[in-house]
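Two complexes come next, and they have one chain in common, chain A, joined by chain B in the first and chain C in the second.
Showing the complex of A and B:
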């Protein structure tokens, strides 16, 4: 792997008897943008801090550029961390914040200031060199924090929820900025977030974590098109999760309803109870029957207009519940209302078999 | 006027608060006014003319009492207590950021000296010095007695300071290669400096006007509060009030200077920052 590659081998983190991270294996290619995605407490931030060296590893090894850094202090690793809320030193100006690590390294004042100014230029903050953090907006603080992390030419930048302190509008802008700088410098970014939107927008590879383990590693398309577990499908949203018994005809959801499964080599075999995911925007819905529609209609429970699509929630008497994202043009042609009968249909290929959490097959 | 939106408790509570303020500052103001008593005036109202007579008298040799000596002793003692309180509170505060064996027990032991009546501590230290055949003095036994009072306060303030301290600052410094000492010197110390100055001023004022803990420990030479108390029974002129006014002014100017210093530093920072066109 090229410069800036990160590898975690059997990494475990315990706090007393609590398992925060349970034996994760992860390889991140050098120069890539990787997002650790998961709910709070899933172990993503702990994993990031272990890579940074701010948290001791209980078991396993961390490799940077194929060099074992498990027991090295943060500065000796070639990583730089950008903290949540940025942790800019309030008593130092932007310039001195950025120049801090050079001061520690013993670089003379003129040279470190010149270098810090260069970094501020990279993030378009050179005109705020003398401003103190309290005088900067959230987005400006973030730029300074990024410049501070970049000044030592790290091979890996670690970002802990870098956009969570910003308002939604700024978040989108800073997201693009992060991606631009990552591509310009060609260094590895590891970015912790709980927003799938952020991860999808930024990442070359998304690592979905839950309960201290990795549920799935894939590019954003892979994660969204073929979520591996029910947790992933549920967390990223936009998916229905259907559960039933596997029979010769397909997936039997109830006595009256059996869904045809795709002829896939990945289809689970010899398992009685299985789960599949079905994308909300891959379900066709209509007030009248159509080819390939399910024979039994469902009842519309709610209809929410969302702009480009309409969120229709339906339920059948046998307990089947489906969330559907109907394109708004279709909706306007034949609007559905709560209480209406709705016919639904999809292609068998759209049923994505889910696996039980655990080691990948 | 927003009187229509006032809650029913507003008027009685305001009256109560004003009464409290009068109770708090009334005595000081009374003494302040009486210290400007005319040359023939007495210790009580009415004012018999207005003059600076008693302030002048203050700097002349007194029949009883030793202002100059007791004042300089109190100042020296206050400064020594201030330095020790600041240093040890800081060190103890840093120690208590981590759990160490016996930390809870030590904390309660520290609190005990806040809870015990001052006069008992003073008495105890006096007796202890006597038992050990040591002569009590304002620079030894009284110094120790004052520290039993200021150190717990200083420690409690440091608890509050470090409770609010964002540990990410230290993690960021370490991430950038700073050693533990560099992290302390370049990040932690500058950030808690205003609080440390506060602890110092607090230590000074607590020591400067401490009476009970000095009473049995001062030895031969009196500190200012003891001297003033001694004089209340002997001196029958408003020179006493002049002294009170002067020392109060001194304390006030100390606090004002500290606040002014903080304000100036803030203003200098703000002025240093440019106000360029927004990039965001």
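Showing the complex of A and C:
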């Protein structure tokens, strides 16, 4: 692996009897953008802090560039952390904030200021060199924090929910900025977030975490097209999760309804209860029957116009519930209303078998 | 009256203005006026003379008293600062549980449940010539003769001051430490700073206001004190406060008033220097 690779081997974190992170194995390629995605309390921040060296590892090893850094202090690891609320020193100007670590290292004033100014230029903040953090907006503070993280030429930058304190508009802009800087410098970024949108937009690889363990590691397309577990499908959204019994004909949802499953090599076998996911935007919905439609219609419960698509919630008498994202052009041709009968259909391939959470087979 | 009705803010500041006028401005002005009066052994004579000041400012006793007072103030300040900072640092950064933090903090204030005088007097049986410290040291054979400097000495005075006023340093410093974002400490460690570097580069600058407020408390209290100095030095040293107190006992009010005015100006001068370095208002 190239420079800046990070590897976690059997990493465990316990707080007393509480297991915060349970045996994580993860390899992040050098120079890639990796997002740790999950709900709050899933162990993603703890994992990041262990990589940074701000949290001791209970068990297992952390390797950076194939060098075991498990017991090294943060500065000796070649990582730099960007904190959630930026953690800029309020008593120092932007320039001195960026130059802080050089001051600690004993670099003389002229040299460290010149270097800090270069970093501020990289994030387009050179005109705010003398401003104090309280005089800067959230986005500006973040740029300074990024410059501060970059000044020691770390091989890995660790970002703890860097965009969560920004308003939505600024968030999208800073997101693009982060990606630009990452590609320009070619260093590894590990970014903790609870927003799948952010993870999809930024990451080369997304690590979905839940309850202290990893649910799935894949690129954004892989995560969205073939979520591995019900948790992943539910967390990233835009998926229906269907549950039923596996029979010779397919997935039996109820006495009257059996769905045809794709002939997939990793279709679970010998399991009575199985779950599959079905993308909301891969379901065709219509007020009248069509070729590939399910024979039994569902009842429309609600219809929400969302712009590019219309969110239709339907329910059948046998308990099947489907959320459908109908393209707005189709909707306008034959609008559905709550209470209407709706025929739905999809290709068998669109049913994505889910696995029970746990270690991958 | 009409303008008052239209702008009730004047009415709203009246109570505070009255309190300040009655209890601060009026006494100070009285002292200022009396300091120019004449006096003899029996009475005060309203007058406008500078004798009180010229005597005060040319007397060697005054100079000595001021030097002594500065010495007490500085020593007490230095000790309470290092003690207070360390204590507050321990409370704020090492004690993780908020409950224990609260309990320990209250524990710090326990000495204040008794009066100043009692707290001072309780040192006497401990430090006296035949006190507990001396007798213990004698019995263990560490010393041959009792230590004379334990009581009725500068040591005893400073000790009592530190005991009395350390909390005034702990509280504001602790308060400003609790407001420091813990991420800043980690950011400092992330930048490679050692624990000591973090304290001096991050914690101290961010506690400046707390340190300043604590310093104001300690310095003004020590500068104006007379009872601690008198009790703990056994009357052997005199601070400015002791001089003023002596003059009051001799009913030399104008002289005492002049002494008070000079002391007031001195303390205000010291504070204005302090305010020059630290913007307290910003922190409150």
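Criterion: the second predicted complex is superposed on the first by the 361 of 361 C-alpha atoms of A that agree within 3 Å, B and C clash if a C-alpha of one lies under 4 Å from a C-alpha of the other, contacts with A are read in each partner's own complex, and residues count from 1 in each chain.
Note that in this section contacts are C-beta pairs under 8 Å (C-beta built on N, C-alpha and C of every residue); 3 or more make two chains touch, one makes a residue touch a chain.
Keep in mind that what you see is a predicted model, and the values were worked out from it rather than measured.
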Clash or fit, chain B versus chain C on superposed chain A: clash
Which of chain B and chain C A:310 touches, first, second, both or neither: neither
Contacts of A:130 with chain B and chain C, given as first, second, both or neither: first
Which superposed partner A:91 touches (first chain B, second chain C, both, neither): both
Partner chain(s) touched by A:139 [first = chain B, second = chain C, both, neither]: first
Per-residue touch tally on chain A - higher for chain B or for chain C: B
Chain B versus chain C as contact partner of A:170, first or second or both or neither: first
Which superposed partner A:104 touches (first chain B, second chain C, both, neither): both
Overlap of the chain B and chain C footprints on chain A, listed as residue numbers: 52, 54, 73-75, 80-81, 83-85, 87, 89-91, 100-101, 103-105, 148, 152
Touching residues on chain C, where the partner in the complex is chain A: 181, 183-184, 186-193, 197, 201-202, 205-206, 208
Chain A partner contacts - residues on chain B that touch it in the complex: 166, 168-169, 171-178, 182, 186-187, 190-191, 269-270, 272-274, 276-277, 279-280
List of chain A residues in touch with chain C within their complex: 52, 54, 73-75, 80-81, 83-85, 87-91, 100-101, 103-105, 148, 152
Interfacial residue positions of chain A with respect to chain B in the complex: 52-54, 73-75, 80-81, 83-85, 87, 89-91, 93, 100-101, 103-105, 124-125, 127-132, 135, 137, 139-140, 143, 148, 152, 170, 173
